[in-house]
Amino acid sequence: MDAQRLKDLLEQVRAGAVTPEDAIERLRRLPFEDLGFATIDHHRAIRAGMPEVIFGQGKTAEEVAGIAASLLERAANVLATRTVEAAYRLLKEKHPEAEFFPRSGALRVWRDRAMKGKGRIVVVTAGTTDLPVAQEAFVTAEIMGNEVDLISDVGVAGIHRLIANLEKLHAARVIVAVAGMEASLATAVGGLVSCPVIGVPTSVGYGSHFHGLASLLSMLNSCASNVSVVNIDNGFGGGYVASLINRV
Amino acid sequence: MDAQRLKDLLEQVRAGAVTPEDAIERLRRLPFEDLGFATIDHHRAIRAGMPEVIFGQGKTAEEVAGIAASLLERAANVLATRTVEAAYRLLKEKHPEAEFFPRSGALRVWRDRAMKGKGRIVVVTAGTTDLPVAQEAFVTAEIMGNEVDLISDVGVAGIHRLIANLEKLHAARVIVAVAGMEASLATAVGGLVSCPVIGVPTSVGYGSHFHGLASLLSMLNSCASNVSVVNIDNGFGGGYVASLINRV
Amino acid sequence: MDAQRLKDLLEQVRAGAVTPEDAIERLRRLPFEDLGFATIDHHRAIRAGMPEVIFGQGKTAEEVAGIAASLLERAANVLATRTVEAAYRLLKEKHPEAEFFPRSGALRVWRDRAMKGKGRIVVVTAGTTDLPVAQEAFVTAEIMGNEVDLISDVGVAGIHRLIANLEKLHAARVIVAVAGMEASLATAVGGLVSCPVIGVPTSVGYGSHFHGLASLLSMLNSCASNVSVVNIDNGFGGGYVASLINRV
Amino acid sequence: MDAQRLKDLLEQVRAGAVTPEDAIERLRRLPFEDLGFATIDHHRAIRAGMPEVIFGQGKTAEEVAGIAASLLERAANVLATRTVEAAYRLLKEKHPEAEFFPRSGALRVWRDRAMKGKGRIVVVTAGTTDLPVAQEAFVTAEIMGNEVDLISDVGVAGIHRLIANLEKLHAARVIVAVAGMEASLATAVGGLVSCPVIGVPTSVGYGSHFHGLASLLSMLNSCASNVSVVNIDNGFGGGYVASLINRV
Amino acid sequence: MDAQRLKDLLEQVRAGAVTPEDAIERLRRLPFEDLGFATIDHHRAIRAGMPEVIFGQGKTAEEVAGIAASLLERAANVLATRTVEAAYRLLKEKHPEAEFFPRSGALRVWRDRAMKGKGRIVVVTAGTTDLPVAQEAFVTAEIMGNEVDLISDVGVAGIHRLIANLEKLHAARVIVAVAGMEASLATAVGGLVSCPVIGVPTSVGYGSHFHGLASLLSMLNSCASNVSVVNIDNGFGGGYVASLINRV
Amino acid sequence: MDAQRLKDLLEQVRAGAVTPEDAIERLRRLPFEDLGFATIDHHRAIRAGMPEVIFGQGKTAEEVAGIAASLLERAANVLATRTVEAAYRLLKEKHPEAEFFPRSGALRVWRDRAMKGKGRIVVVTAGTTDLPVAQEAFVTAEIMGNEVDLISDVGVAGIHRLIANLEKLHAARVIVAVAGMEASLATAVGGLVSCPVIGVPTSVGYGSHFHGLASLLSMLNSCASNVSVVNIDNGFGGGYVASLINRV
Amino acid sequence: MDAQRLKDLLEQVRAGAVTPEDAIERLRRLPFEDLGFATIDHHRAIRAGMPEVIFGQGKTAEEVAGIAASLLERAANVLATRTVEAAYRLLKEKHPEAEFFPRSGALRVWRDRAMKGKGRIVVVTAGTTDLPVAQEAFVTAEIMGNEVDLISDVGVAGIHRLIANLEKLHAARVIVAVAGMEASLATAVGGLVSCPVIGVPTSVGYGSHFHGLASLLSMLNSCASNVSVVNIDNGFGGGYVASLINRV
Amino acid sequence: MDAQRLKDLLEQVRAGAVTPEDAIERLRRLPFEDLGFATIDHHRAIRAGMPEVIFGQGKTAEEVAGIAASLLERAANVLATRTVEAAYRLLKEKHPEAEFFPRSGALRVWRDRAMKGKGRIVVVTAGTTDLPVAQEAFVTAEIMGNEVDLISDVGVAGIHRLIANLEKLHAARVIVAVAGMEASLATAVGGLVSCPVIGVPTSVGYGSHFHGLASLLSMLNSCASNVSVVNIDNGFGGGYVASLINRV
């Protein structure tokens, strides 16, 4: 049913040729897709305050900078992941407030810094080699309006370091645990706290690690029931889910 | 927007308080899901002549027979896959025209035998051990309104048997190739004909066959470009896709 | 350092032979594990209101019923997963309020029904075959003090059924999406809402499904950023994580 | 048996030294391969109108251009896949009508533009990153004589965009669904239409995507029965099978 | 072209109505498959002396005994693999010379005991648990007309036992090495001899053996260049290939 | 060269018919395997005190009891793994000192209880479901002459329980860590001690645990450098290696 | 025991100070490895006529040329696999008879061209992309003293090309079948001949080919019983095993 | 409880306001982590004599040299693994005693050469291609204070070379077996000795070796019970575990 037919129907209603009841019946039989205007993204409103996100992998510096600049015309905050410094330098010319995070390749313009989260998010990581992924989670959580703490280099093979940070962990409303190797950090953290823990397995490992598979399986099989998992090296996903939890 | 609000709007149109143009604008902003009646399954009509299908695996004989009987009140044809003879005996009491195919566990009530397909479908299989899956494809293709030929026991390790059936293969409008082991039948058939070939890998094999993985990978990597593939042992899927192709 | 040594130290403090400053220094050098009383599970308090949980798999009906009865002496609520009806019958003799859920094998004594969750949890599932896992998630979320809705049989292959439930989905504070086969339900739901979605892949599938691997990979690779994942068939884990999110 | 021996036999028949019956017996015992002329590719005739295809991967620009030029002496249409722009520039010198598609690396000389397909083919893709594979499918389907539509960037995580294209999808006689990540597009499309859908999983994804495995398994396990699958990133295969279906 | 048409053609040759040259031309255009008699299995003759083989797995005792009895009407020797004692008892009623080998489930009627092999075959196995597969290889090699030695229980973890059998190994013209676990027997034997070694990996192992995968990969990666491999547990295949090598 | 020929040679040396130099030359050309007496298992002596071991899996109760009885005629200690109670009852008739361990199916006659180990072995396990494997390790280590402690039910998800056992762990000369699920126990223990830790992954887990693969990969990728690993569920291997380390 | 001690013993025998019986006893207690002369590689003699082989992968051009030159001082024939043209140029300075095969990177000095094989070896390959591996097999088989035929570009998707070469295939005493993609060539060839077939799977393929896994599994699961398999891309191994078979 | 509160408590004890018994009770209820001083790494003392280790992979030459120089201010011995010669040259300027091992990329400053091990460690390797990993094990074991022997190039395919080194093997207190390909060396060595063997699988292999998986599975499934395994290519881990065993 195109707009014309709908208009015709309404004209008939106005003219009294069709009763409202009959008009409803006729509308009821129309497949919605023919209406040409009914949309389902009204929940976009709920997303208010979310940054616009550019997945930088596979895009040139020029593309990333261009898209970012374009988005910034209508969005307060923009985050680009896995991009290169050249994109940052291009964007900075126009947006001097742009920030670049070399470890993770995150590029950020964070203008609306209103806090949305109700509590603190802690990003905890086992080794310095996991820092790029942890940083991506950190930067994501921040731009989504959260207070974020980063605890790095606390591995299960050195439990005392983990315990030394117990207070910070207990203060979290949600935790992102980033770990490669055998990834037991997620389980250890999960056992120490009672809040939700988002596990981000990383591809950091050797030999039978199989590019993150070992860490992924370890987290999925965690005997701590409060752990759920996102994809390997998906720091963005970890920070994003944590932010949603923190604002519900 | 509930029906009341829609009715109110239409009343206003009738009363002249709202112009049809304005009503359209207001409707345009409504999320369709609130209309409560717009549906997208009008293409169900296109599906006319399709049988109702019951996936029997994991259902008791009583459940299968009960669902089948219920469906038969409004549908001409019903197919149940992977069920047991007990379901057949139960159904036959009420529907003596029911057929049971012990190899595949297919149960069928085929009342509307109008032909829908424009050509012949050939189901070809390499070994007798693949017959259960081939039979499921055959029975499915038949009840969907096709003339179907079954060529069994033609393996690539005995090419002459395949060649002996070349005429039948060339007469097909679409072919379903069912094969386990190294599954080269799909490639060999694909190279002999120029019509579409649906490969159905089976779990028939030993040791490094890994429950059908070897056959599946073989078919996906076929050097015959006219082969597409459905899931392991999915005779129903093979017959179903072939039937759709034959009726387009 | 055993209790005696600690007492001696404190006696010396009382006697003025050791200053409090020195006592602190001595204590500081003691490894905590020798203190014999310092524990880290004070966060158990936070867990107040959590049910006691028995993983029933691999335990006999007698064992499950026995453990449950024992726990009920000090705990208000007890949940046993993956057990059998016999365990239920045994427990019911003493605890007539026990409930049994045959699909999932969940056994529950739910006496303290105070609500802990701040919003609604929705458990959504694609097919009836996924119901056992969905029920486990449902029962878990309920006993942890949540209002829970169950939407079953809404698959991506029939999007209109999903859309018909949009209102319920939007009303959720957190959603548990239970799906086997290609598990695209998690992605479809994730795209329709902006709250956290916990994906529970199930082992429901055939052939190349590889006992849940296909569903698991699908969910981990979801292009909806609000999806995190628990282990295959882990309905308990899905309900547990959702409950934690709902009470933070 | 060489031609001479056959001729000798026939001479004997002519001379009456051998009866036709005996000649048949003698011929009957001859292995066909010795006849030197019986061929099985008479179905080549059916292939009339098919383009000649060069798989460019692993071939130098010079090789691709050379083979293409040679084929063009006798063939109206030539398609080279996965080649480089240098091959295009070489070929264009002699064949200025050559076209190059940089995203997919497809090189095409399309002189005989007669339509062979009976309906429209739609190539639908979830994300811009899948465009190279989608373009390969598109270019292939076109040169095989089809009207082709390309719908890009409609993901299941944004169902409304898919629904907005419902009319185009319903107009298709066969659909090629190209998708990476969790590849639920194939299932969603399959559920919206009743024509055959060819799924082309792509290697677009991260971490546990395992270079396309996640997408492949998702499509093979689709709960939409009208989906069959070709190899990962095999845009050519998807376009080829769709073309065959459209001309049967 | 059916026989009648061929006969008509030859009649015309006899009658002088068609010249031999023209007849050749007409024959030349016929696809061989229409001739109805040209076959490619003339090499069956080479197979003289091969036993008829029945793959017993998945067949009932009655089926195996029935097929065997039927084959014995025209074949001297029949071998059935992986069958049960009941099949043996049924067959023995009619063929008292039947032999049954309980470990492997091989059933054999070996009437023509002429030796075809030019040298000795040695079947060597690492552990008693591999004996069922080794026995299948042994029985197969014997019925194909070979002198066969069986060396059992010589593992690489006890090299001296292997060395103690060096003379027997050196006397072999071809060796079948049957091994589970880490399957290093194939490599050790391969390094001690200079004849071809057929590796048969078995599914004997635990945990990370993955049903024979570990043994299979070990044999495929052997640093002894004279080792080739057949499928997991495929004792028949090992014995068969060894027999072919021994008779070339 | 049999003993006779060697004796003949030496007789000739005695008789002066062959010089020692020539005798050496003749011996030098003999392949050692013909000497019939040079053996390499003189290190068997080192193995003194080792029990005889029967791998019970796949053997009947009668076989296990028979072998055990036979071994006990010359060996002080016999251990049978993975057998059934019936074997125990049979053996006990003759050897009342036999012990049976129902969880693991270990059967033991331990007569020579001399201690061989230089320190204590600790077997530590995460959950009660891992007890069968832990018990196999325990029983093995004991019969090999070691003082063994068993610490059960200390998981990483409850670190305080692990820490509560720190003293016992520090007292160990070698530790066997038995763990299923995500198996982070091995890493946690490895980080707490400085002695060697033998990891025994178990097949205890669900879904993506893949029958022990998750635990195995976790242990192999442990960031604690003192962990080495044996096969999944291989409690015997863990106890055996630990015993060797404890006696070196 | 060094030679001196042995000589002393024999001197004592000669002197009558030790009886032959006692000498035997003393020898009997000596571990063979101390004898310093008993070797097990006397079967090296059997290897007469084998070329010396250098695995070039991972070695520099200088290393390969140097090793080759050194070996050529005592060996008639030398083969280096997977090396580069620079190695060839270096070696040619001193050995102008050196040959280089660019596709496969094989480098050969073939001076003793005596034939060792008893029949012909045929190397058959499906596509031009498999030629590097096929060439390695060809060059290996030649230098080991065999008449070798190469049949290239005969795929199962074009069976007539395979059949056109039937005569050559039937003339072979052993066949090496080199194939990537779905590798059904090995099965097709295996079904056409009755001699041993060595399958060499190649890593030629896309997407779900997984670097040769698809071809490997296909060959291992071949329904032609005369096929055994070597490692992926192992042309050398295929040629080597075929040569051994041809000379037994 | 911060230090102030603890001090207050002790002041009260001194003042007699709180009895030692009550103070103990209060302390008993304090979670240890609030004490701010209790640590668990007192076992560091046991680690005396261990070198400091830098994992060089992923670190720049400058970083490695810088960290090493810093560690050398307080540590006698420093080992950096998988680094480059540039790091060595930088470090040598300040520490001329630095050593670099180009095959493995190990960089070592070994000043305290006191022996800690009680016996000899033997590192044994099958092929020259495994030398990088073997060297890493060797260098690690040396700097941890052990006498180490390296036996290289003894493969199972040439057992006599292994046997020629039997004396050295028997002299070892612990053995590190480094092997790629089918890795049967670990099993062969394990069968020849009775001391613990640490298997280090390497990624040396082709095709179906899958980057070390074949070697890993082979070692895990070894039928020699004295073999335990570390990660693929983990020479450091092998040397480290061996050193721990040698010093217990």
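All chains are identified by letter, namely A, B, C, D, E, F, G and H, in their written order; residue positions are counted from 1 within each chain.
Definition applied: contacts are C-beta pairs under 8 Å (C-beta built on N, C-alpha and C of every residue); 3 or more make two chains touch, one makes a residue touch a chain.
Only a predicted model underlies this, so the values are computations on that prediction, with no experimental measurement involved.
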| item | value |
| --- | --- |
| Greatest separation from chain G - chain, by CA centre | C |
| Candidate from A-C, A-F or E-F with the same interface as E-H, over half of contact pairs in common | A-F |
| Interface residue overlap between copies chain A and chain F, same or different (over half shared) | same |
| Most remote chain, CA-based centroid, reference being chain H | B |
| Centroid distance [mean C-alpha coordinates] between chain E and chain A, Å | 59 |
| Chain A and chain B, separation of their C-alpha mean positions in angstrom | 39 |
| Distance between chain centroids, defined by C-alpha means - chain B, chain G (Å) | 50 |
| Numbers and ranges of chain D residues touching at least 2 other chains | 31-33, 39-40, 158-159, 163, 166, 192, 206-209, 213, 216, 220-221, 231-232 |
| All chain pairs that touch each other | A-B, A-C, A-D, A-F, A-H, B-C, B-D, B-E, B-G, C-D, C-F, C-H, D-E, D-G, E-F, E-G, E-H, F-G, F-H, G-H |
| Chain D residues within the chain E interface of the complex | 3, 6-7, 10-11, 13-14, 16, 19-21, 23-24, 27-28, 30-33, 35, 37-40, 42 |
| Residues of chain C touching chain A in the complex | 40, 43, 46-47, 53, 118-119, 163, 166, 170, 173-174, 192-196, 198, 216, 220-221, 225-232, 236-237, 240-241, 244-246, 248 |
| Chain C contact footprint on chain D (complex, rising order) | 126-127, 155-159, 163, 181-184, 186-188, 190-192, 205-210, 213-215, 217-224 |
| Complex interface listing, chain H residues touching chain G | 129, 158-160, 163-164, 166-167, 206-209 |
| Complex contact set, residues of chain E against chain B | 31-34, 39-41, 57-58, 201, 203, 211-213, 216, 231-234 |
